[in-house]
Amino acid sequence: MGTYFELDKLDLLKAQFDTAEYDAEQAEPALYIGKEQLLDLMRVLRETPTYSFDRMGMLTAVDYKDYIEMVYSLYSRRYDKWVTVKVKLDRDNPEVESMTQIWEGTNFEERETYDLMGVKFLHHPDLRRILMPDNYEAHPLRKDFVPLEPRIEGGVLTWHKQRSMS
Amino acid sequence: MAQTEKYVLNMGPQHPSTHGVLQVQVELDGENIVGAKPVMGYLHRGIEKLMESRTYVQCVPFTDRLDYVSAMNNNLGFCMAVEKLAGIEVPERAEYIRVICAELNRIASHHVFIGSLTNDLGSATGMIYAFRDREKILDLFNIICGARMTAHYIRIGGVAADAQDEFLRDTQKFIDYVPEMLDEYNKLFSGNEIFQARMKKTSIITKEMALKFGMSGPNIRASGVDYDIRKIDKYGAYGKFDFDVPLGKRGDNWDRYMIRMKEIAESAKIIQQALDNMPEGPYMAKVPKVLRPPKGDAYHRVENTRGELGFYIVSDGSTKPYRVHIRRPSFVNLQALDTMCKGMLLADAVTAFATIDPLMGEVDC
Amino acid sequence: MHSGILYSLGQSLREILTSLIGVPILVDLLMTIICATILLLIMATSALVFTLGERKICAFIQVRIGPNRVGPGGLLQSVADMLKLMDKEDIVPRGIDTWLWVLSPILLLVPSALIYAFFPFDDGVILADVNVGLFLLIAITSQTVLPFLMGGYSSNSKYALIGGMRTVAQMLGYEVPMVFALMGIVMITGSLKMSAIVEAQSDVWFIVLQPLAFLIYIITALVESNRPPFNIVEGESEIIAGPFTEYTGMRWALFFLAEFSNLMCIGILTTTLFLGGWHGPDFLPGFCWFWIKTFLCVLFYQWVGWTFPRARVDSMLSFGWKVLLPIALINVLLTGVGIYVYNVM
Amino acid sequence: MWGKGLITGMKVTWGHWFGKKETVYYPEEKLPMTERFRGGHLAFDEEKCIGCKLCAIGCPNAALDLTVSVDENKKRHMESYVHQIGRCMYCDLCIEACPTKAISWDKNYEFASYFKEDMTYDALVEARNRRGNNE
């Protein structure tokens, strides 16, 4: 079981990036970062030899009703270390830099997050829906999601908002 | 002036060899593949969403349906994530039983791999032989938990019921049979020249590519990257067992096949050690009837048959998880399909689907 | 002169007909019709027998029981299969080239039925003992390519088209080594006549004199008849069913029939060319030996088919051109040298 | 090399040709079900049931539809115990939840049906029928 990223290194990062924050009280504090600096932070985490987080372990988004939080779990194979990076996004228009610019293997996971949570990834090579039908409009994993109604119109399956749930 | 045209062939979702409902849009130039685009979502059931409205205990049977040929591994991953979140200590005997079940299921899943691979290569006999042996493992699961595939045996805090002597005895019998079984497979396909000609030096994934795509499991190990979470994380009781991580050299189809053959032997080794050192004691930790993990989040990963299976659980302090995200290995691995198929023949595409071993229940979640 | 039950049976039938009609040309015509009918019946029943055989053999190899419900021990399974196929809806896909599509399965049956005319089933029992028998045989079996291509082209399906094109590639790759392999036999016999080839094996079977040619022939025969491991034309895991993808019901059954008829045909050819035809110890009549050998050959082909995975198109073609053809040529050379040495001694 | 692998492969298949078969003649010969086998209908024991509905609460898919009546002694009685097999995923949680072990699987796996309606049944009625037949 790999250990968590050391606090002093988190401090270093905090000094380097002005939007970086973490809760020192927690045992395994997540590193919060502003979305403008995310890409730079990730580059530093990946490319600095003393960090070398070369694997994007997991990438997802959580809908906290007021905001959407992107969660990145990074893993360093060389040092056997973990770090969690979190970004808070505006719920109405969530946009964040795509991690495919650093880890190409996040392509499908980002497409999934876009599909199910509605987070738009900037500079993503191929941002389309992946699990839901292409003409589906809602984002199912949001907390206020109401299933759309399937209807066949002119031989094409279309999706419509439900008329008043009573 | 001769003119050739590229054309797109839709393989799947109904096709004899696409492993469930995977659709691959293969762009062909004659029989040479120019590109292969996987299209998924045909089996999307929204398990992540479903879990948000179930209690933690009720979530466990849904993980069976993710990767339904290695259900025990999924149970294990989810239960360990919840245990990490709620701080539950699992008794040692339960850990051992978990390892036995997970490794048995790994063998069973590799049987499916071998079976579907040989079937895709046109030898239905190989499939029947592999499934015949898989049946023996499923019968073992039937003894220990009463279900053959959707086991729902590993629970939060331990296992559902104690392992009977009958189960342990029959497992021992199966482990004794493994070398004979592998020998038969080696004679029937590994040594077969046609088989080798089709597998060797086709659909190569280099080390760099495997790392780039974030692949995991046997697929990345076939490319020569030593990345086995059982070895790295030593979760559960895995730290107590001695086993090797087989590695490939070239990263071609043949390596991906041989890795799995070797892994079957390694899994048998682990099970043998677990059977020999099986401790006595309780099989279930004291878990509150109504489980309310503290507020927070936890990410736990286990080595599933197909790679790194991770569960990210967010708890808001209630009885139900606020958010569950599943990092599915075959979903991520599938990204390499395009690179694997490029420049190969149509017949190789089928082999590539088989060796990358995606399971649509897991891909679509 | 000829001996054997079948031959004398035919002779007495001819005598009866002659006494009834008296016009020799009509008698000949009638005899031909009767024989052709018998051969077609044999072909149809062979499909029934081999379907069951195939399913049983594959079941035995795969540690299964196999069909066992219809009739005693599942013996009538193939009848049930046939009834099912007749019962099926005849689906004609949209956008096909109707004439080619309809003709393809029918045309496929013609060459596979025609070649039965050149097989010596027993001493003197051969429908058309022409001087260029072997040549005609090879010429006619190559014709099966055309209906496959027609079916593949006209189906308006990419899978079928790929299958159809594969047939052509495979025919080009394998017809040549096959002909060169059979050249050795022709050199020893000094004749293309089928009866002469069998006659030449009365002492030593050609499998002893021509082991290399035998090996090449087995491989090429598997390719010719689309049997696994060389069933790339069908290749069910890649291209569904190749040229037959869009056919259903009886149309598909015709393909099926032709396939099994081809299987029996290569069994018979192996027997005739290499295993001494109807020659055998005297306690059984010649045609019995003929059929026993044929069935053993078919059994062997099925056993091979259910053991091996399918070869890939490119490796298969390069194997045909780069390995089999040189070996076949070497075989011709060796045979020539052998004949020379034999004659000198 | 040189076809040696092909011949060993053929030997393997030949070895199975006359060997013991793994499959069985199914309807005549049935495989035994294990003790813990989960499958079939729910065998309901009316006497043991205390009407606590824990099984229905524990069910992840709401496959159990119960109606309970309370008589004058404040004793709870089961009025109907509808099990929708179409929703059931045989996770065993209802049986484990039962404090009095009033339900168990009847282990009869032969309930395939042509009609969707047959997938919903009342375990209470079935239990009464079964008892009626036994008496």
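Chains here go by letter, A, B, C and D, matching the order in which they are written, and residues are numbered from 1 within each.
Rule of thumb we're sticking to: a contact is a pair of C-beta atoms (placed from the backbone, for glycine too) under 8 Å apart; a residue touches a chain by one contact, two chains touch by 3 or more.
Because the structure is a prediction, the values reported are computed rather than measured.
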- request: Sort out for me whether B-D or C-D is joined by the greater number of C-beta contact pairs.
  value: B-D
Query: What chain sits nearest the middle when you go by CA atom centres?
result: B
Message: Farthest chain from chain B, going by mean C-alpha coordinates, please.
response: C
For chain A paired with chain D, centre-to-centre distance based on mean C-alpha positions, whole Å: 42
Task: Compute the distance, rounded to whole Å, between the mean C-alpha positions of chain C and chain D.
output: 52
Query: Distance from the CA centroid of chain B to that of chain D, rounded to the nearest Å?
result: 27
Message: Rounded to a whole Å, what is the gap between the Cα centroids of chain A and chain B?
response: 25
- line: Where chain C touches two or more other chains simultaneously, the residues are 61-64, 306-308
- prompt: Touching two or more other chains, which residues of chain D qualify?
  reply: 6, 9, 12-13, 22
Multi-partner residues of chain A (each touching 2 or more other chains): none
Query: So how do the chains connect up here, line, ring, star, complete, or something else (other)?
result: other
Query: Hey, which chains are touching each other here?
result: A-B, B-C, B-D, C-D
Message: Quick check on the complex: what are the chain C residues that touch chain B?
response: 58, 61-64, 158-159, 162, 228-229, 231-232, 235-240, 306-315
Query: Of all residues in chain B, which touch chain A in the complex?
result: 40-41, 44, 46, 48-49, 211-215, 227, 232-235, 297, 299, 301, 308, 310, 312, 314, 322-323, 325, 327, 331-332, 334-335, 364-365
Message: Applying the document's contact rule, which stretches of chain C touch chain D when the two form their complex?
response: 60-65, 68, 303-304, 306-308
Statement: Residue set of chain D touching chain C in the complex reads 6, 9-10, 12-14, 16-25
- prompt: Residues of chain D touching chain B in their complex?
  reply: 1, 3-6, 8-9, 11-13, 22, 33-39, 58-60, 89-93, 96, 105
